[in-house]
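Since the structure comes first, as structure tokens, the remarks are kept for the end.
Order of writing sets the chain letters: A, B, C, D, E and F. Residues in each chain are counted from 1.
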Amino acid sequence: MKSTIHVITPITTTGFRTEEDFNACERSDLKVTNSLLERGPASIESEFDEALAIPDTIRLAIEAERDGADAIVIDCMGDPGLASCREAVSIPVLGPCQTACHTAAMLGHRFSFITVLERLRPMLDHIVGGYGLAGSYAAFEAVDVPVLDICHDVDKLGGLLAEKAIKTVREDHAGAVVLGCTGFMGLAEVIAGTLSEEGLEVPVIDAIPLTIRVADSLVKTGLTHSKFIYPRPEKKAITGYPMPDLWD
Amino acid sequence: MKSTIHVITPITTTGFRTEEDFNACERSDLKVTNSLLERGPASIESEFDEALAIPDTIRLAIEAERDGADAIVIDCMGDPGLASCREAVSIPVLGPCQTACHTAAMLGHRFSFITVLERLRPMLDHIVGGYGLAGSYAAFEAVDVPVLDICHDVDKLGGLLAEKAIKTVREDHAGAVVLGCTGFMGLAEVIAGTLSEEGLEVPVIDAIPLTIRVADSLVKTGLTHSKFIYPRPEKKAITGYPMPDLWD
Amino acid sequence: MKSTIHVITPITTTGFRTEEDFNACERSDLKVTNSLLERGPASIESEFDEALAIPDTIRLAIEAERDGADAIVIDCMGDPGLASCREAVSIPVLGPCQTACHTAAMLGHRFSFITVLERLRPMLDHIVGGYGLAGSYAAFEAVDVPVLDICHDVDKLGGLLAEKAIKTVREDHAGAVVLGCTGFMGLAEVIAGTLSEEGLEVPVIDAIPLTIRVADSLVKTGLTHSKFIYPRPEKKAITGYPMPDLWD
Amino acid sequence: MKSTIHVITPITTTGFRTEEDFNACERSDLKVTNSLLERGPASIESEFDEALAIPDTIRLAIEAERDGADAIVIDCMGDPGLASCREAVSIPVLGPCQTACHTAAMLGHRFSFITVLERLRPMLDHIVGGYGLAGSYAAFEAVDVPVLDICHDVDKLGGLLAEKAIKTVREDHAGAVVLGCTGFMGLAEVIAGTLSEEGLEVPVIDAIPLTIRVADSLVKTGLTHSKFIYPRPEKKAITGYPMPDLWD
Amino acid sequence: MKSTIHVITPITTTGFRTEEDFNACERSDLKVTNSLLERGPASIESEFDEALAIPDTIRLAIEAERDGADAIVIDCMGDPGLASCREAVSIPVLGPCQTACHTAAMLGHRFSFITVLERLRPMLDHIVGGYGLAGSYAAFEAVDVPVLDICHDVDKLGGLLAEKAIKTVREDHAGAVVLGCTGFMGLAEVIAGTLSEEGLEVPVIDAIPLTIRVADSLVKTGLTHSKFIYPRPEKKAITGYPMPDLWD
Amino acid sequence: MKSTIHVITPITTTGFRTEEDFNACERSDLKVTNSLLERGPASIESEFDEALAIPDTIRLAIEAERDGADAIVIDCMGDPGLASCREAVSIPVLGPCQTACHTAAMLGHRFSFITVLERLRPMLDHIVGGYGLAGSYAAFEAVDVPVLDICHDVDKLGGLLAEKAIKTVREDHAGAVVLGCTGFMGLAEVIAGTLSEEGLEVPVIDAIPLTIRVADSLVKTGLTHSKFIYPRPEKKAITGYPMPDLWD
């Protein structure tokens, strides 16, 4: 059985993500596809940005299911639209934050979240608590330098993140680290390597590759999210948002 | 000091709410105004509906602040857009669910939520937990009959809700009851009366009048939500949603 | 409808509080009155002091209800006698600690408590936990200099409290600050101003003015505490404490 | 080393308790003494009664320490004055509720509380939560018949309590039962026997004998409560309550 | 990259499990192997049985790593030896209970555990709490008929489990169901089907196939458990248990 | 009634513990006996060591009950085999960690755990959480110098532990300290003395003497652990472990 996992990148900026990024996740029986928002924010850095990203994310989820995808992964660490997409479709919808945090709790008892923006701290608190993992959440650490200054310099970013990782393992006794931005894809190995040189053998989780593989595990096992918890929306008039296939 | 509290009714259906509904809350130094969505769902009964209601709710919040309102109340018990509106404006934004649940916890130790739709149970769980009140939440009870069958018959609805209220006070030992739909406005008194006849003196909370008055209390005391927790969104390209005044 | 909110200052020291202190809270339809203990401690700084303040606080609450007050506010951040007064009377009884902590949780996600005496830390822990808000409680900070040294110098006290406020927002990520002594009334504005100069826009809660206004909101909405949770005491012989009107 | 454990019965009713009641707890190196309130309620059935019992309980605790007692046990399942007595004296002060609940959690994982008055439910919730044992608390069950009807008929009371014990073990999966009134002293054996006949081998805790023995264990091990957590009250004017030895 | 997942069945009874049971999990790049205890209990139904199963489980884990396995799955829903095996080896060790419970929390918000033996209830409570998932745990249900009476009749067992599943979804509002014995392998589909006929679309988790696939996901992503949390045991004299390769 | 408390020291190293160590706990009606493992690790410093210590601990517990002991105490702060021993016998089985932590919570509100090995931190987290005391657990502190370097120098060990005790009381506001290794027996007094010199009057708990006395209190009160929660293991084939008296 060949599965197709569809990744929705919930921003409007082209070039940030391409299907090639997911090649390493593909297997003889696993294919990965990708789509981008037509309506929404250029990037996601606030509750405000999330709110504007969700409606079009839902539309792409409905279309992916209609087009034959076997599961959907939302490509943002805030898991925007996870609950509403699960209502709208029946195939599994996974968020990288939820998947990474549960996996980190399994592997490392308590995990820390490492990202660029300090301002996301209360949002993460809320998300992690909503997933029932507050007791497994060690700390939030932000690099706290302007994003644009380091984006061109991936090595510098990796170094700054590794410093924060060492700090939170030593001071907060975190047993695992979750990279807090899907844009950090590919950096886990170098950060884990730096931790290991310090004698700190903790898993560093690059959420997107993991989430794609876990989504495939669910498909192969015949599991999806609970429609009892995420029931199909009632049919009603919707003004200003086309949702063609939902109630047809 | 005369305050203006602006109530955003986050649906597109006209006639459900008018400014007259808020007359009883007005005082010599308190005025209430109201607005309705142009883009969004006809009513809110799911995470999906909420997602489609939030973008235009944010727009109305920005406009209300620009137009001189002193505080904003979102007129839906799911508190849609509470966090994103708080990011977008500096005047206090209150949700009736958050305000009612905290007040119920204060007055009755543990509270139950009584509403029409069984399907909202996990959503409420998530909302109440996010407000840090999971330990004060006694139970969720739904009348569980089709909304359209009872809407025309307010007496029948009041009776059904009162039955559920009696049940949750007796069986779940709830010390307060929160009415779970802002559409129940005006029913609290009759439900409290029925409880009282059974010897159960528990507060029954009609969230909108309470929230308008608490919003006014905050304005008069000079308090608003924390901009440290809900910082202004970063300026960026937004496709498909006009947000004229946010970064001007 | 004109409401009367009665404030009980649960100490025996005259001159600490006068009815003029509450003038700013009064409105055309809201009047504030005040009374003082005849029996009890000169001030409240321990569980021991609280225990000796409660019996006479109950007596004053019973008398205030008999004399026509619409709600009662206990003027001490330990909320002494809140539960027993709620048993003894039917009009709303509010404690400034409970009201301020719930409001701080609503506005700032997680709050810190700032006061003078380090020794109150475990008491606060117990109080906040009893209100179901342990998960919203960021930290306790005490100025930790002798009270008498700073009482005459309100500016110095404000400065010391502001320092602690800055510290707890930065280090504990508190989104709101509760001033931990009703004797700090009037200092919130200057502390909030200092925080704002540091770029930290967090609400600083002066509990007494807020609690008076929230009490008025409850009266106007027709709400009181749950008599199901705080039932009237059984009639019985009481030796040594006159409670004239309770069972008449 | 011979220890003296002093039991304070915090009511004014004579004849309810005599020193003979404690004979079975005495050993060659353990003596038990007892005292009664001069000022306070005839019995304790509410927060109100507790409030009026505490001041004279504190006085008796100070006198017991002055008279050479090695530890103090407060003879009421509401543990009235536990924190304030611990502030006032340095010898161990134990409450039977705290001791029984911790022991029940140790022996039976989760415990239920069985008593006569339904109205004590929220008070117990608050007490157990304050002791940090909310997660170990299975249920509260009340016999809910008038106290005076059963007090003369101890067999009937034992039977009714045993029924509730069977119910809470079967339905709430409680692994231990705490008898919720120190007036039930002596009934544990018969209730445990009835449970055992039903195949339910759970410990039934008669708190006063257990607490006296645990107090003695602490004395023999050289332990007392933390004065860091329960520091001595500051010296100050106290009106209406004689506390002769506290600051001498 | 071809991975080998080694399944340790931690009992001594032959014939219960064969490598053919795992054929459906194999893929072109995933192989499953299996081993059985030489020393231990015939089956696992208590903490006592678990204690006797763990030492030889550790030995098999060490041997599997030495023999080139890429990950280890412990084939018992009590996850016996999970922490000690993780200390002893560096390849990922997964327990089906931990993996199933985290997945159930992800897909269904709150999950119930359905098994045969009522006596396992406190053990499960302890396990689920230890995984940090107490807040996501809805209920425990046991079929409560003698195992030997139903083992020969798989259809009857499936029916009884489905009844319990329907009950816990309706009454406890569980959004997912975890089958509480690895001996139930293969029954998930029929139970999910019965639930679906009742209009209850909830995932039913057959833990072993899921855990094998999640183990493979971790291997492919380059993740293992935290050696910071599960450090290698210190070398020391061990009497009575051969552990040949651990410190060589 | 003379009680015999049997202490099982769950390691194979002779000379670490002798019956003389328990002389101070004996009374005219209390005798203490001791036994050592035949099969197991030389010392316990990991989950791995614990796993290998438990089977023979169970055997010794069964033999102690058969030989007439009235209660059993397991002489290791990891409480190895507590649940499985409670299943295997009917006389009370106590673990020093469980007893000390509950007592510390009672006396000091929140407690810290002070020991030698940093690597035990996650294990303690798990144990304390399993006892339902996570909310009362202030901090874990480890001396973090090689055990062998300090074992010969008890004064140095006491000094290092006292430093950590001062740190955790001041920084974590711990109100009690639990010594985290039964090998520290006798050091509590000097550590408490050092704390007291710093003005920090907190109880320091030497778990073994306390646990022996509490076990005696339970015996005298007629209490044991719940066999409803820890039921007797089912009879079955056990390979490799002689358990002679369990099902005879």
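The definition used in the following text is that contacts are C-beta pairs under 8 Å (C-beta built on N, C-alpha and C of every residue); 3 or more make two chains touch, one makes a residue touch a chain.
These numbers come from a predicted model, not from an experiment.
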| item | value |
| --- | --- |
| Shortest contact path, subunit B to subunit F, counted in steps | 2 |
| Labels of chains that are neighbours to subunit D and to subunit F | C, E |
| Farthest-lying chain, centroid of Cα atoms versus that of subunit E | C |
| Between subunit C and subunit E, centroid-to-centroid distance (C-alpha), Å | 52 |
| CA centroid of subunit B to CA centroid of subunit E, Å | 44 |
| Approximate Å spacing (C-alpha centroids) for the pair subunit A, subunit B | 30 |
| Multi-chain contact residues (two or more partners), subunit C | 109, 122, 126, 134-135, 175, 229 |
| Pairwise chain contacts, counting only pairs that touch as defined | A-B, A-C, A-E, A-F, B-C, B-D, B-E, C-D, C-F, D-E, D-F, E-F |
| Interfacial residue positions of subunit D with respect to subunit F in the complex | 27-29, 92, 94, 98-99, 102-103, 105-109, 131-136, 169, 175-176, 188-189, 200-203, 205-206, 209-210, 213-214, 216-218, 220-229 |
| Touch list for subunit B against partner subunit A, complex | 12, 37-43, 45-52, 54-56, 58, 81, 83-84, 87-88, 119, 122-123, 126, 129-130, 229-231, 233-234, 236-241 |
| For the subunit D and subunit E complex, residues of the former touching the latter | 109-110, 135, 173, 175 |
| Residues of subunit C that touch subunit F when the two form their complex | 121-122, 125-126, 134 |
